[in-house]
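Naming follows writing order (A, B, C and D), and every chain is counted from residue 1.
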C-alpha cells in the first residue's frame, strides 16, 4: 500500500517534475508521506515530507533540479512507524557510491536480517524494513552495486516492487511471486517505472508492459536490459485486492483492466440473486461505484449516484487510526436526499473490513428513507491479515473472521447481505486462481518451504 | 463562489468545531482560504489562513475554544485580491462593540461606497467589498448594532448572503433577489446557517428551510426571529448556475434538489436528439456525471464511468489562473483505457467557459479510441460575465460569446455539439424563469431602477 | 523606550538596507519587535515581526526593495500590548493617500482621543496610542497630508519623537518639550533621522544636528525644510534617564556626550566619599561600566572588569516580566573568580528600580570573596513612574519610593550605599536643570496647564 | 571551537534545562548550531537546530523531558560542513544499545578511519569526524559500551574533549595531550562536565577540577570513577589560544585564570615599551579589553572604553565567511566620539588573523581624531593553521605568515605595532611552555611518532 515511481532520461533531460506528477497519479496508494531521490555529484539527494504529494514536496523546486534519473515514493505505513525518518525513498552513500530505494511491499524476514546486520556493525537510521536492503549492499563494500543488490534480494523474502537508483542507473525489480504491481513506460528515449500504469498518462508516456515477477530491469544510457533473480517461485501470487480496491480503475495490471474487473464483480453479484422490484442500485464511492454500475447494468435496475463523497477528505481505508476512521466516515459520505425514499436500496461496497463503515452505511441509507437495505460486497469475506504489503488489521479486528455471514448481516443491520466467492473473484479479474494471491480471503499464505531456504544469514 | 457558515448554541455549547466541519462540507465553494470568527471578552477573534479548510485552520485548536457563537467562511476571490488580508471573516471592534461578517456574493456599488466612507475618515484594511458593510456600521457609532446593520444593507446593492456575528447574537441575511443560497438548520437548541443544506448533515443537524430573499434572521438565546429588509425586489433571481455546477448534488436550494435538476438536464439533452447506435455515455467528472446518468437513463444507452478524475487535485473551474487551469486539466482527467474503443462517445459536461477543457476532452476521448465524439452540454451557452458572485471571465474570454455553436463545435473538434435552452434549464430546475437569474446565459442583469435608488450616499 | 529611524534618498537610491542597519544600531532601545515601512505604487507597505531586528526582518529581502524613502522602528511596549499587531511602524492608505508612522514616546491623552475618534466612526486596528495620530489624519479627508499631520499633532499631548512617511516625503517631528531624542544625519544627498546619533556611523552618514523640540522637518527631493509646531512649551524637558541608562554611550544627545555624562556621574560618586583602602571598583555591565571607570579614575583606585555578562542574553531592564527578569539576572552576570577575594568591592550600577538586581548583585559579590560591598548608584533614587515613554513600574514596585536610603541599604545587604543628587546629575550631563526632565527622580511632571488646553476634542 | 556539556543526576532529577543553561553559558564557543541528547526507553533522542541556543532549542520543551542524564553541544564548524545533519550531538542505537556523543576538537586521522569503516560496511550519515567514534563502537557489536568506546579512542588521533551518553551512564574524556579544556562540576549528587568552568555558575554547581589529559570519567548512579586511556602523550599541549581569545574570562582552565592571563598579557605589552605622552589606552571589545586594562594599569595611562560594540551582533572571528566578516566589523564597532581627539591612541587587540579587522580599526580610530595609532597585540603573530579544533585559515590567508612585522604595520596603517613573544605568552598564562600548544604561533605540531602508532586500521 505504497506507490513507487522511477524515471531515467537517456537524453539527459531533467525528470524530477515527471516524478512529482507520477507520484500525484499514485497518490491513492499512500497519503502519509511523499519523497523523491536523485544523485548529483556522486551523492544521493533526498527530499521528503509528510502528507500528500503537494504538501510534502514543492513542484517548482523539483522542476529546477538538473537530474536525469530519479525515483519517488508515496507511503502508507506497513512496517516501521509513521514518522518522517521512515518516509521513503531511503538513501545512502557507502563504499561503492550512492544508492536510493523506493519500496512497495513488506519483507517477511526483516527482523532476522536486522539482527544479522547489527551483529556486523550496522547502525540503523530507520525502523523501516527497506533499510535492510541498503545495509545488505553496504556490507558488500567491494562488490559492484548491481551485483550487491541482486545478492541482497536473494536474502530477503516477502513482497517487493522496488525502484532503485545508483549513480547513473535506474533499477526496477519485482519479487518472484509478483505480489505488488510494477509497470514500465516510455516517452521517446526516456523510461519510467510506476506501481500502476495510470501514472504514465499524466506525463505523456506510453505503457509498455508489466515488470514480470522475479525480473530486474536495468535502465541506463544504453537502454533497458532485463535480468532474472536466481530464485523461482512455485507459482505467481498477484494481489487480487489491487483489483478490488487499491488500484485506480484506469490501470491495467498484469494484463487485466481494473475497470473491467470491477464491473465484472458487480455483474457476478447480479447473477447471484435477483434485485427486488422497485429497487435502485448505488455504490459506496469511490471503490464500490463500478461494481454497482456493473450490477445495475447486468440486472437492468436503475443505477443512482446515491451517496455523495466529500471530495476534500481522504480515503476511508487509508486513514491510520480507528478514531479518525470513524469520524472520517461520517464526514465523507452523505446520502442524496430524496433518492431512496420508499425504495429498496441495493448498496454495493468493495469489501467489509471492521464493519464500522458498513454498519453506518446501512443505518444512513435507511435513515434516508429506504424501505430495505441490501448490502452487496464485491469480494469474498476478508478473514485473514495480509503480510504482503497491505495494512489490514489482525483477525480479531476483521469482522468476517469473527462472524458468519448471517451474524454479520445482523451486526450491520442489513436486510440481506451477499458476497462473492473466491472463484468468482478470479473469474472477474480474468486470471487463473493459481496466479493470484487470495490469502486475505482464504489464508493461503506462502509456506516456509516456498519462501525460505535462502535465509542462511 | 464562496461559502458561509454560522452557528449559535443557546445551551452555551462550544461551536467552533461545528463551524470547522460545516466549512469542510462547503469546501467545494472556495479553496483559496478559510477562516472563522467568534467573540470573547467583548472582542472579536479571528483565525484564518490560505488553502483548504484543513490547511488554513487547526481542528484541534478550534475544538478547544469556548465560544457558543461563531461564523466561518471559505473563499474564492470575487472582489479583492487573493492575499491573506482579504480572507474572511472580516471583523472589527468599534464604538458599539465587536462585529464579524462572512459574505458570499458581490456588491455592485462597492467603489462608490468606499469613496463615500473614505471621505468620512474611514481607513480600509482590505480591498474586499465586504469591509464596506463593517465601515458603514462603524460610521453609525451611536446606533445599536442590528439597526446599524440593517441601515448598512439598505445602502449596498448586489448579491449577498451573509452571516454576521455580534457580541452575543448571530445574524443571517440574504439580498432581496436571493441570488446566492442560504439555509437554516437546527440541532436541538442550536441553530446553524450555511450556504448549502449539505453542510448540516455532517454535524448532525436538520435542514429547516431556506433563508428567504430579503430576510434577516436574528438568532440569540431566545431563539430565531425573522425580519425583513425594507427593500423589495421586483422579482426573485436565484442563481441558476448553482444547480448546473456549483452546488453539491446533495443540497436542496430554494426548494429544489440539485441532484434531480442535474439528472433532468441530462434527460433534456436525451430528448433533444437520439444517441447513435453503438454509443456509450460518459460524464466529465464531477459536475457532468449526473447529467450523463440522466441522459443515459432517458436514452436507454449504457452509462460508463469513462473518465477518471485524480481525486487529489482541485476543481477545474475554481483554479485561479489560466496556466494552472491548463496544466490542471491534463493532470486531473484520464480516460478509461479500452472503454471507448470503436464506440461513439456521448460526453456530457456541465458548461463550456473558455473552451480549453472541452477541446482537450474531445481530443483525449478520440485518442482513447472513440470513433466519434458527441459533446452534450447540460446548460445554455455561457455568453455574459456574472456580476453577482461567480468568477466568470469577461465576454472576450467566453468562447460562446465569440462563436456561434457550429463554430464552437469546430473549435473544440467535436463531431456534434448540443446545448439546452434557457427554458429547458428552468424546467429542469423546476422554478419559473422569473425566479431565476440566467444573466450569464442571456445577459438579463438587474437594471439601474431595479437595483438603485437607495445609493444616495 | 523605542527607536525610530527614517531615510530619504534624493538621488532615488534604495534605502531599506540602511534602515535595517540603522535599526540594528538602535537595537538597545527595543527588542520586542522590529519593522519597516515604505511606499510603492501609491500604497504603504509594511514588514514587521517579533524579536530582534535580525529575527523580525530579512536583510537580503529588504536590500532588494526599490524604495528611496522608508522608516523603521524597534519596540519595547509602553502603551498597547506586546502582540504583533501593535508592532510598528503603523500605516494606512486613506483618502489623501498612504501614511506610515514610527513613534518613540507615550501620548498622555490617548484614551480621550480614541473615544473621540470612535464616535466619528473610526475602527481601531491596534491598541497602540500611535494609531490615534493616523486616525486623526484620516478624519481630515480633504486636508493635504502635511497640514493634517500638524493638525493632529496639536491635538495630542505627551512625548513623541516620530518619523512619518507620506507618498514621497519623510517627516521627522519632536514634541514641544523634547522628551525623547531625535537626530538628523546626512550622506551626500541622502538624509536620515534616528533616535540616536550612534545610528549614523553604521551607514556611513554624518550626524548633522538634533531635531529641536517642537520642530518638524520635511524631507523630500528638494532637501530639508524646518517648520515649527504652533505650540510652545514653557520649558524643555529632555529625558535625563537617556544619559544614565538608555542611550548608547557613543551617542551625543542635545549637544551632550552620553559617554562623558556617564564618566562624570562616576566622578561625582568619587567626590561624594573616599573609597576604602584595599578596594577595587567594578561596574555592573553594561550600563554601570563607564560610571565605574569614572569613579576609579577620579578616586585613583583600580578598576576591574569584575562582573562578566553573558553576551547572548538581552538587557535586564528591558525584559517584560518579573519572572524572566529574575531568572535573567542569574543567567547573565557572573563575578570574575578570584578578583574580589579579600578586597572591599565598590560596585557601580546605573540605577536601582525594583531592587532585585541590586540585592542579588551584593550577595553574588560577597559570595565571590569580597570583605565588604559598597554600592554606588550613578543616578538619584528612582521614586516616580515615567509617563513619557519609559516602561518604569508604578511607585509601589519602585523600591526607592518605599524605603529611605538606609532601609534600602539593609534590604539589598550592602555595607554602604550612596546615590547622587538631581543637581549632580544635571551637572554631570552638562545641561541646566530647567532643560531636563527629572520626573522619575523628583515627580516633576507636566502640569495640566502646561500640557493641556488643546484637547478640545 | 565548540562547546560540550553533560549532566547526570544520581537522584533522578530531570537535567535537560541544566544542559540548556550550560550551553547558553558556552554560547561564545559556537553559534552555528546547538543540540542536546538523552536516552529514554532504550533509545537515544536528539533535538538540535541551527543558530544560537535559544534559536535552536526550546527551553520550555526541554524542561519537561524526564531524563536524568543528557549531553549537549554548541558548534562552530571545524570538520564537516555547516548543515543541520552535521550538528551535534550525534547519536545511534546499535547492537549494544544507544550512544550519543558531543565533541570539541578535531580528529587528524578521520579520513583514514572513514575508509577503514566503509570497507567494513559502514554507512555514514554525516561528514562529521565525530561519527567515526560511533561507527567504531558499532563495529564492536559484542563488546560492552565502555570498553568499545575506549577501544575506539585508541584508534583516533588529534584533539578531543568529549561527553558521551550511554543508556544510563555519562562519560567524559579528554585526549592524551589535553588540547581542549574540559571541566568537572557538582551540585549535590548531580555531576556535570563542561568545556569551561564558567558554565557551572549559571546552574548553581561548583567547579571541582579539570578533567585531566588522557582521563576518562565514568559517571553513573554510584558516582564518578576515573580511568586512564592506555596511551600516554610525550608532553601536554593545552591550547594557549583559549587564554588569548576563546575562553570566557571568568573561566579557570587547567588551573589558570583566563582573566588573570589576559591582564598579564597586557602588562607584558606595557613592559615592552613606554606609552607616549598624552596617550589613552583602549581595547577592541570584547577580547582585547582585559589586556588593554592590564596595559593601562601597568603603564599608568588612562584606560577608556573607547570602542563600542553593538551587542546584538555576534563575535567577529566566529562568523563563517569573509564577506560577513567584513560587513560585520563595520556594523559592530563604533569609536566613542570625542575620546580620541588629539590623543595618541594605544589600541589593544587579542590577535591579528587576516588583518582586515586591524586595518579597519586603525583607520577608524584615526578617523575619530587620534593623532597617532599604536597597535598592541596581546599574543605572538599567528602564522600557522590550527589542526586541533580551531577554525583558523590556511597560511596563505594569515597575514603574519605573509609579512614581517614592519610590513604588517604598514599594511594596517598603524604608527607602531607590537606583539609579545611565545615566552611572554606562556609566562602570562602561568604554565610552562612544555605544557602548552603554541602551534599556531610557532608551527610546533604533533609529529607522527607522537600522534601515531595506533592507527593500524
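Assume a contact is a pair of C-beta atoms (placed from the backbone, for glycine too) under 8 Å apart; a residue touches a chain by one contact, two chains touch by 3 or more.
These numbers come from a predicted model, not from an experiment.
Note on connectivity: the fewest chain-to-chain touch steps from subunit A to subunit C number 2. Legend: contact pairs of A-B compared by residue number with B-C, C-D or A-D; the interface matching in over half of them is C-D. The chain pair with the larger count of C-beta pairs in contact, out of C-D and B-C, is C-D.
Comparing the centres of all chains, each the average of its CA atoms, the largest separation from subunit A belongs to C. If you average the CA atoms of subunit B and of subunit D, the two centres end up 64 Å from each other.
Look at where the CA atoms of subunit B average out and do the same for subunit C: the two points lie 53 Å apart.
Mean C-alpha positions place subunit C and subunit D at a centre distance of 36 Å. Among all residues of subunit D, none touch two or more other chains. Interface note: chains touch in the pairs A-B, A-D, B-C, C-D. Subunit D makes touch with subunit C in their complex at residues 21, 24-25, 27-28, 52-54, 197-198, 201-202, 248-250, 252, 257, 259-260, 286, 289-290, 293, 297, 302-305, 308, 310-313, 330-331, 334-339. The touching residues of subunit A, counted against subunit D in their complex, run 92-95, 118-125, 134-135, 138-142.
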